[in-house]
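Shared chain: chain A. Partners: chain B in the first complex, chain C in the second.
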Partner chain A sequence: MADDKDVLRDVWFGRIPTCFALYQDEVTEKEAEPFYLLLPRVSYLTLVTDKVKKHFLKAVKPEDVEEMWFEYEGTPLKWHYPIGVLFDLHALNTALPWSITVHFKNFPERDLLHCLSNSVIEAHFMSCIKEADALKHKSQVINDMQKKDHKQLWMGLQNDKFDQFWAMNRKLMEYPTEEGGFRYIPFRIYQTMSDRPFIQKLFRPASPEGHTHTLGDLLKEMYPAAIAHDGDAKKYQVLIQGIEPLLETPLQWLSEHLSHPDNFLHVCILPVPTD
Partner chain B sequence: MAGAGSSGRSIGRTTLISHSEEGYLKKTSLRSVTITSNNAAESGVPEQADPHPTLEEKLSAGDVSSDVRSDLEEDDACVQAAASGVVLQHEYHVLFSCSFGVPVLYFRVFDLEGRSLCLEQVWDIVRRNSRMRLQQSPWNTITQQEHPMLGQPFFVLHPCKTEEFMGPVVRAAEAENRKVNYVVTWLSVVGPLVGLELALSYSTLLQPALCPQ
Partner chain C sequence: MADRRGDTWKRHISEQLRMRDRVQRQAFEEIISQYNRLLEKSDMQAVLSERYQSDGPRGSQLSAADGGMRGDIQQEMSQMRIKHQEELTELHKKRGELAQNVIELNNQIQLKDKEIQRNEAKLVPCLSTQIATLEGDCRKLNTFLQDLERANQMLKDEYDALQITFSALEEKLRRTTEDNQELVSRWMAEKAQEANRLNAENEKDCRRRQAKLQKELADAAKEPLPLDPRRPGNSLSTSPENTEAPMGGVEVRVPSTALHVFEAHDGEVNAVRFSPGSRLLATGGMDRRVKLWEVVSGHCEPKGALTGSNAGITSIEFDSAGSYLLAASNDFASRIWTVDDFRLRHTLTGHSGKVLAARFLLDNTRIVSGSYDRTLKLWDLRSKVCMKTVFAGSSCNDIVCTEQCVMSGHFDKKVRFWDIRAESIVRELELQGRVTSLDLSQERTELLTCSRDDLLKIIDLRTNTVRHTFSAPGFKCGADWTRVCFSPDSNYVVGGSADGGVYVWNVLTGKLERLLDKHHSSAINAVSWSPSGAFVLSVEKGSKAVLWSDL
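Entry: the complex of A and B
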C-alpha cells in the first residue's frame, strides 16, 4: 500500500531538536556557546555528534579531553540505544529543545559502553540486526546476504540514505506467504520505573489458532499494568517512535513499519505525567 | 592448566542468582594475570589521552591494598603474583539468549580498586589464552555490551557461532545414546578463552541438564 511506504519515510526522517551544552565544571576561560542540532530519531548519539565534539573542543584544554559522553538531568545517556528511544524514555513530555549536557571527563564506566570509533557503532548495529533476524527468520535471510549487503545496511544508516538502506532492509522484512508473518517479533520494552534495562522475550505475531496478535496482546503478556481496564484512568503511555499506536494495531504490521533500522520494535512505557 | 600469562590458583564461588523466574549463573574469582600496556595504536583505535596509570604502574607503586593480601593468605589460595602480575577480580555470568537459543558468557574484570579493564586489555588476555585464533569478524569476537538484567557494561563472547560448534557435539552424543550437559560442555570450550577454567568435578558430579531444543 502506498500509505504504508510513507510510514517508513516518516520514521526514517524523524528528528529531535536538541541543545547541547558543556558541563559547567568543565568550562574554562573560553566561553562555550550551546550547540543546536536536529538529531535523527533512528540513529545513535556517537554517530551524529562529530560537530558537537568539534565545537566544544575549542573551549576545553586538550589535556582535559577524554572520551566524550552525554547526560540528561544527571542520567548518562546510553549511546547504544537509538536516539528516539532515549528521548521518548527521558524527555518526551518536556519542552523542546531537548537539553543534553556534554562531558569530556569522568566517563561513567559502570553505566556506559565505550565508543572509541565508528566501527564500534557498526558492530553494535549489525549485532542487533543479526539478533533480530535470528528471531524473524532463524538467521536465514541475514546469513544469505553477502558482506557487501551488510555493509550497505550500515552505510545507509551512517549516511542517512533511505533508499540505499531499504533496498537491502526490505529482504529482512519479507516472510514466506504460508507463514503469514515472522517467526518471532523482535522487540524490547523499556520503562524508567524498573532496575531492569528492558524486557525482551519470545513472542509470535499470531496465536497457534491463527489469531493476529496486537500491541495490546503483547502488553498483556509482557507488561499487563500498561493496559487500563474499563473505567480506570489511563496510567501509562505506550510509545513507539514517539507516538502512541492504537492497542489494536497488529504486531506484525508494527514490526514491518515502526521498527528502527536495527529491525527491533523499541517500546517505551511511561507513567502518565501528573501536571 | 592456566594459559600463558596467568598464574596462581583461582578462588571461586559459583552462585545461582534468581531474578523473578529468570536467573543467571555467576562466578567470581581472583587471579594474578600479566597485563601489557595499552596497545591502542596497534589495534587501529584512535589514541585517547590515558590519564589513569596502568595496572602495572600501580602494582609497582605498592598499590595493592594490604587487607586484600591477607584475605588471600587466609584462604590459603597463595596467589603467586608473577613479577609483573596484577591481581584481578573476574566475574563471569552465564545467561540464556532466547534470540539465539544458546547460553551466552558475560564477564568483567576489575583491579582491586574496582576499576575495570578496557577492551584492549581483555583482548590481550584472550589472545594469550586461546590456542586458536578468534576470527576477526566483529560478530565472533569479544565486544562490550549491556548486561540484559543489570544494565551495566560487560564483555561478551558473541553467541552466533555457538550452535556451529555445539551442534556436532550434541548430535554425536545423541547418536551414541550418551547424555551431554550442554552448559558444562559449552563452558569448557569458551570459558578457557576468557580465563574461566572449570574443575573436572563439574563434569563428573553434575546431573546432565536437558539440552536446549
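Entry: the complex of A and C
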C-alpha cells in the first residue's frame, strides 16, 4: 500500500514544462519575452496561469486586453480539460517544453467556454466530481459530505495541497466491501481522430461472475481497435496520466489511483507516431 | 488481490510515472525557475534604470516623451511604493492587533491562573481543617471504643468470677443440706435407739414385776382357796395388770347351740367381725358386699349393706370406736365406710395385688394393709396416701398390730414382726405351714396363729416361744385365709374346719373343749367371738352364717 500512496503522490505532483509565447500579431508596446512555467498535470489552464497573464499584460496595452485564451498549433485549448489530458492528446510526442500561444483577442466563441473567474472553474470541477460519484456510489458519498468538505476539495486543488485534498477525496475512493468495487467506473476516452469529444459509457469494475475487469476489457468493449492483436504491430498508444499502463491492470485500481482530482479516469488514445 | 500478478503492472506503472517525471519535470524544473528569476531581475533592472535615468539629468533635456515615460515610470514607482507602504502599514496594524490579542489572552490566562490559585488556596485550608477535625473525631472515637472494650472485658471477668462463686456456693449449699439430712437421720436413729432402749428397759421391768407376781401367786396358790362356783370360766385368768379394760363386762361362755342359721351372702362368705360394741356384726363375701347385722334376741337382723367394692371382700375390721369399718378387697384396694350411714369414705389404692388383710393401727389414724403382691403398705388417713411400703418377700395373709409392732403372717410359713418406726423386720418366726390367720390376745401378750398344717399355735410375745399348740383329729385348715380367733378373755380359741365343724379349745388345758359340727355344709372361712363373750358367729364357703351361743 505504500506504493499506492507513492503512485498517488506522483500523479498529483506531475508537471509539464510549458513555454507561453504571446501571439505575434498581438500589438505590444514592448517586446514580450516568452514565459516558462511548470504546469500541474491535474489542474486547469485558467487556474494556474495568473502569472502568465500578469507577465504579458506588462507588454500589451490595457485597451486591447480581453479574455486570455490559449492555443497550440492552431487548436484552441479547452480550459475545462485537465492540463495533462490536453498535453497527452496534443503534444505528447513532441519536443519539450510544450509551446503554448497566448491570445488576448479574438476569443473563439464556438470552440471555447468563457472563464471569467475562478468560481466558474470551481463549479465545473465540482460538477465533474458529482458526476463521477453518481457513477461510483449513486451520489451517496458526495451528498453525505458537507459544504465545507466540498470547499476543502476545491481549495486543495487550487492551492496544490495534496494532503488537504486527499483527506476528503479518499472518502470518494472507498466502496462497501461486499461490492468489491465501484458501481460503475467513471472514465472518459479521448481520441484525436474523431468528431466525438470523448467516449463515456457505463462499465462495471467486475463481471457479474466475479472477474475483475482490466484495462484491456475496457478497451475491448469501448475501442477494440486500440488493442493490438497477436502478430500485428501496435497501432495505438493508450495513455493515462502520461504513461501507458499494461493492459492487465485492474480497472478498479486504475480508477482509485490514476484518476484525476475530478475522479474521472481520462484515457487518451493516440496513433503510434510513424517516424 | 493477486499480489504477484498485481506487482508486474503496478511496478510498470510506478516505473512509467518515474520516467515521465524525469523527462518532463526534473529536466526543466531548474531551468524554468532560474529563467523566471532572471526575468524578474531584468524587469526590476529596467525599472530601476529608467528611474535613475529620470532622476539624473533634470531640466530641459527632458523631452515630453521622456518626461512622459519618466513620469510613467515615476508614477509606477510611486504607486508601487504607496502600495508597499500600505501593505506595510496594514501588516503593522495586523501585527499590532495580534500582539494585542496575545496580550489579552495572556492576561486572561493569568487571571484564570490567579482564580485557580485562589480557589485552591481556599479549598486547601478548608479541607485541611476538615481533615484535622475528622481525624480528631476519629481518634476520640477510637479511645472511646477502647475504653468501652476494657469496661466490657472487666464486666465479663466480674461476671465470670461471680458465676464461679455462685456455683461454689451452690455446691456448698448442696453439701450442707446433705450433711444436714444425714445428721437429722442419724439423730432420728439415735432417738429410735433411745426409745428402743427405754422400751427394752420397760419390758425388762415389766417381766421382772410379772415374775415377782407369779412367784407370789404361786405362793398364794399353794394355800387352799375357796373357789367361786358362780364364775366357772374365769379361773386362772392370766390377765396382768397392764390391761385397763374392765373384765367385769366379759362373760365368756362356750357356745353349744346354733341360735340362727341364715344366708349371709350370695356366694362365699370370707370374713366376719363383731363390732367392739357387740351389737353389730359385719360379714364380707365374694358378692362384693359387706353386710351389717344386729343381734336381736337371738337373731341376726340385717341392718344394711356397704357397697363400693369391685371384687370380693377378704377381711373386715372395725375401728376401736366402732364407727368406721375397714374392708380389704380382691380389687387391690381397701375401703373405709362410716357404719352409721353406710357411706364409703375412703378408698386406698396402691397395691398391685389383691389385698388380703387391712387393719387400723391402734391410733386409728393409720392403716396397715398386706397384699398378695408381697408388700405391706402403711396408710395415713388424714392425707389418704400410702406413707410407707415395705417389701415383705412373701404374700401376706393376715396382719395384727400392737403399739410398737406389726405382725404379719405369710405364705412362706413365716410370721414377721415389724417395727413401725424403723420400717424393718425386728423378728421372724418360722412355722411348719403357711400362716393363714393371726389374732392377738386381749392383753396383747400372746399371738394366736393358724397354719395350713392344721395346727393352731399360741406364741408368747415376750419370750417368742410357742406356748401352746392345738390340734384335733378332724380339724383341717380349709383355705389360706381361714380365720381363727381368741375368746375375749383369752381362755379359749375357736377355729372353723374344712369339714364344717367349729372347734373350741381350752387354752389352759390345751384340749378340745367342744365341737360344733352341725349346720355347716361347707368349709368354714372365718369365725368371730363377740366382745361380750356370749356369741360366736361362723361363716362358710357356702354362703351360710351360723350364730352360736350356749343359751
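Here is the rule we use: the second predicted complex is superposed on the first by the 273 of 275 C-alpha atoms of A that agree within 3 Å, B and C clash if a C-alpha of one lies under 4 Å from a C-alpha of the other, contacts with A are read in each partner's own complex, and residues count from 1 in each chain.
Operating definition for what follows: contacts are C-beta pairs under 8 Å (C-beta built on N, C-alpha and C of every residue); 3 or more make two chains touch, one makes a residue touch a chain.
As the structure is a prediction and not an experimental result, all values here were calculated from the model.
Because the two structures share chain A, they can be overlaid on it, and in that overlay chain B and chain C fit beside each other without clashing.
When the shared chain is aligned, no partner comes close enough to touch A:M173: not chain B, not chain C.
Looking at the shared chain after the overlay, A:E66 reaches chain B, while chain C stays out of its contact range. Using the contact criterion defined above for the overlaid structures, shared-chain residue A:E248 touches chain C, although it does not reach chain B. By the document's definition of touching, of the two partners only chain B reaches A:S117; chain C does not.
Think of it this way: put the two complexes on top of each other by chain A, and the tightest Cα contact between chain B and chain C is 21 Å. For chain A in complex with chain C, the touching residues are 3, 6-7, 10-11, 13-17, 33, 35-38, 55, 58, 96-97, 241-246, 248-250, 253, 258. Across the complex, chain A is touched by residues 19, 44-46, 48-49, 51, 98-100, 115-116, 118-119, 138-139, 143-153, 158, 160 of chain B. Put simply, chain A touches chain B in their complex at residues 62-63, 65-67, 78, 80, 109-114, 116-117, 119-120, 122-124, 126-127, 130-131, 134-135, 139, 186, 195-198, 200-202. On chain C, the positions that touch chain A within their shared complex are 5-6, 8-10, 12-14, 16-21, 23-25, 27-29, 31-32, 35-36, 39, 43.
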